[in-house]
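Lettered A, B, C and D in written order, each chain numbered from 1.
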């Protein structure tokens, strides 16, 4: 259906380029790609297209008008990048594509299903063919974590919408944040040490993050004073993630890419989500990327803002 | 690698008593880059400075660290010393080992140890210093005065008399402001109009003064010496150049529903009107809310009767763009809305009036032609109660009143009481007051005259309630001195309402990036030493916009502001701050976040050709206007890529200090 | 610092040039005592304080970091401390969330006239950090001697 | 002669080793399985085929001190870091990672020898484990690696209840000297079932034609790199999970009391890889991406007797955030050569 619509667009302007996903080698491989009229047939959109194309747009040439497929959650990142003048809204024809939650291949593997040759969706069930036989698993059990904190089915930016979406949010997305806040400082410290000590500084979180869009990251800049390539000490593991979370404070749309791409499964989004929760609590509800041109809470103030020293449980209320 | 000299000052015994200065100088010799280190009794003395100069020359020093008193005291001194020996002034760092070390510690070992650490931090910072040069910017020799009351007029006259062009932008159709509404002025009881209108005329006729009335500042860009203002001149529907001010149109206008602002809405006026007889410019204006022609398309009577053909219903707002070197804020005040004070029955009875309304009632050109009559039935009153501090010094209810003293109410109430008693000896006058504040020249004498000579009944205490009882106003108050409740059946009640900044001030403050206090008064650069300057360079304060004051104080401040403006406009160019922000274009994302936190609007963006390892092509880059940047550093922290840095306080300088302190 | 002495915390105090640094000077001219382990770094405005500087101090062995600036409303640059206030609120909360003791970071508004407040603040902060003990959670082992 | 050990005695066996030597094995921490120090409290995960990071860190750690320059006033004392002098055992290495050590040896043990790596190799005993359940991302067979017959000092096979050992070196033999002997034939069935699966792997028959050294220029100039590299984020995930990537950077850390010089893994995918004073010689992600695969598939074989610098472990296939990996490259650039 989507490709048909894109073919239609080509009839009006044969010079269009299309940003979408392409199927790859494994059942889960969906690679962001830029397609032309000739290659458009390879464009694919299905339940495995979890990656956020907004950041991908930054590295693509814009000499041609670009048609981009954005899921509801991706549209927030797109807006935020437009707000920050990194993308020019006018250069894109945004097609909001329907999304009912995306499947996490890593989660399927983690259940112990090995040698996966194909995955078929049959309603709410996934039929999985493996080297060791066939099996099935409920779709909802293996959705990406970010889908469990779905921001809703609305596209915040779209020139047209194709397909239906569903809000796949389950429960309170701040539940884990609240659980951490309720711990003692030593418990929290232990939690984060265990998680962050897994970090291999591959920079996948940073490079996938649509808010970490700096042309020259401070961690790559020899003149910044904090440049480093590997965490040579526990401190540097903490430093990288604190600074990264802080630099995207107010700009992070909670798209969840950081945690999705982390090869070590560090729940990095819990740092960002803590800041989002704080900012909402201290300065009023704010959703980055809700609209183009917003002024984010850390570049704003009121005379009555709360004081930094106020006692808050785990940084909470 | 720098070649650094360290100079440890004894400051007599101020430092040397608790810091072993010789040990400090010795310890610093082993710091990387330090090629010379010594101590001396008084580094700031001529001999001390000569020692520094000699060391710079002899050892080829590239920078110096002076361990002495606070940099707030002698940084400028030692920078000059450095310059005289051929060093850049920004290659000087001060280690504050007096105020922040010797004076607060008693133990010699402790003091010495800390002094060494502070000196090391200064050396570490100095290693990252770079010579800085302050830029210059030209000065546009024209001033903009916002507000055409007595403050604005006086400032404009003084600046213009010094030979500089001045534009007065006044939001009302005429200049004159609040003072034009006053009947008499304290403590001399001379007629307000008689002293103001000559000044208005003088301003209008001054060849250097250009009055832009019925206009407001629409937007402002630029910086000290180089402001560009866009002024919105509102449509008057009358051609100012053609109108002769004959007033025929105002008489013929069939609409009679408009309320007369000049008379505090106490009477009605036509849709086309001239605010008052001595208005400047003496030109009519059409109120589009009331005009039948503009609202319904039918009428146009004024156009028919105007022999000068000055009426123009097609007129539109006009935008005027001009350059200015200095801006004076003289936006004045308004009385607060008394309707919040219904305990005084302001909303219930027309006979409860505010002082400014009373001022118009007493004025010969006012709605009653100067006859003291009750607004409700035009009858002569016999008992008048004045209530002071209505909304002033009100700390318990911020929604309703103001925490500050409005300063002028005690005196004008004494004036009103005295004028009433003088003109109508049959009227009993009672004044409820908390304190009678009369600290001005001849003020207390004036107040005493009201009490002693004119027999005004001053009651120390506040009124609890005013209730309408038939034609009378029942005033219930307390007399604190006699410890009793007072009940007065009054014919009129006059409320000395607090004054507050003009409502346009807040938006103007944002436009000018001039700071304001929580009450929307403009903040002065220093409360004692720079009372007529805003912290924003090139913006000056005149009159009540800065805080409550009476006419003589306003005029004095207006003159002071003018002197500051003249001082600025005399210069051909300005030396800028050298410690300014700077964007490293290879790392700048052009994301606009820095622009949002800059209090001075110093950051703009340019499309630039960039060739860096990460990017080749044209990209949007932040550019700091060094003449505008004041060097606060807000942008540097907002910048996620640390592309924005602050000269003199760079990231690497501060981190080097941190490293040295924590070593 | 010599090793044989009893442990005392190392405190870095960032002070804005216009109010708090002057307040510290006033504390000095008033001969108001506070511990020598407080070392002041002058910055133009509280809004110049980059969270990286705070982390850097902890990395290098600081046990507490305090920021002092003009009272809200009194900023020399009009609005700097309002931004600083939000930044530090969010940062401190994040550090707390990661298990770093809240008492190690603080913001105080100290005017140029508040020498006594400056000294009292420093005395109190040093006391708080002393009770918390050595900063072990955010230090860099390579920076220990 | 092979040795065998009942599986229930494995913990005791490992404990025995750990009493005299450092023991590194696939253990679970924070939900992820990696080669890490084994202690009695560790959760051993021999069922996990692919640890997140490969086993190479045991010989070539991600961060390693080289030298320390200690400052005393204006004097500098130089303290070179010490090389490893104690024995350790690396347990549970798969065939692919075992092959990767041979590739790393070609880099670090050729002249000039890397003393840190050499010391670790000399003191390390590698115990490998056959791959009972190969996965769809495995493509080791393309590089002549047999998951049913892993190399190492000591090879192991696991059945439902028994662990079988075959010593390949004296170091390996010493570890299992105390275990019971058994017949070689006892593992044949296990090996056969492994090989049966290996033959069925979807990526078992990649066409590597066209990546020989003499096609260097053609491969380098291939216009399809542009398209292939487009989705690459420039992160280092593939590099850091890869068993054969061996690039490192040397960095200085100023501790305030001196300089600690260390080396750490680097990735050619990073924009600041081999950054020089003039800037970088690989200005776009296309060049960086090309470098990584040209190195693995063309440059390394042409300098090393045709041996590819990929062992087909498939970690990058699972971990690349954009699913943009070496198999895509081989299939895109290799197949066309046939036609």
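FYI, contacts are C-beta pairs under 8 Å (C-beta built on N, C-alpha and C of every residue); 3 or more make two chains touch, one makes a residue touch a chain.
These numbers were taken from a predicted model, which means no experiment stands behind them.
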_What are the mutual neighbours of subunit A and subunit B in this structure?_
C, D
*Hey, which pair has more contacts between C-betas, C-D or B-C?*
B-C
*Which chain has its C-alpha centroid at the greatest distance from the C-alpha centroid of subunit C?*
D
_So the centre of each chain is just the mean of its C-alpha atoms; given that, what is the distance between subunit C and subunit D in Å?_
46
*Could you tell me the distance, in whole angstrom, between the mean C-alpha positions of subunit B and subunit C?*
33
*Taking each chain's centre as the mean of its CA atoms, how far is subunit B from subunit D in angstrom?*
69
*Indicate the whole-number Å distance between the mean C-alpha point of subunit A and the mean C-alpha point of subunit D.*
30
*Give the residues of subunit C that touch two or more other chains, as numbers and ranges in rising order.*
51-52, 56, 60, 73, 79, 83, 87, 140, 142-143
*For subunit D, which residues are shared contacts with two or more other chains?*
253, 256-257, 260, 271-272, 275
_If a residue has to touch 2 or more other chains to count, which residues of subunit A qualify?_
218, 225, 232, 298-300, 303
*Could you tell me which shape the graph of touching chains takes: line, ring, star, complete or other?*
complete
_Touch list for subunit C against partner subunit B, complex_ = 1, 10, 12, 21-22, 24-29, 31-34, 36-37, 39-45, 47-53, 56-57, 60-62, 73, 75-80, 83, 87, 119, 143
*In the complex, go through subunit A and note every residue touching subunit D.*
24-34, 51, 55-56, 59-60, 105-106, 109, 114-117, 130-132, 194-195, 197-198, 200-204, 206-208, 220, 222, 228-232, 257, 260-261, 263-266
*subunit D partner contacts - residues on subunit C that touch it in the complex*: 60, 140, 142-143, 145
*Complex contact set, residues of subunit D against subunit C*: 253, 255-257, 260
_Quick check: in the complex, which residue numbers of subunit A touch subunit B?_
83-86, 212-218, 221, 223-225, 247-248, 295-296, 298-300, 303
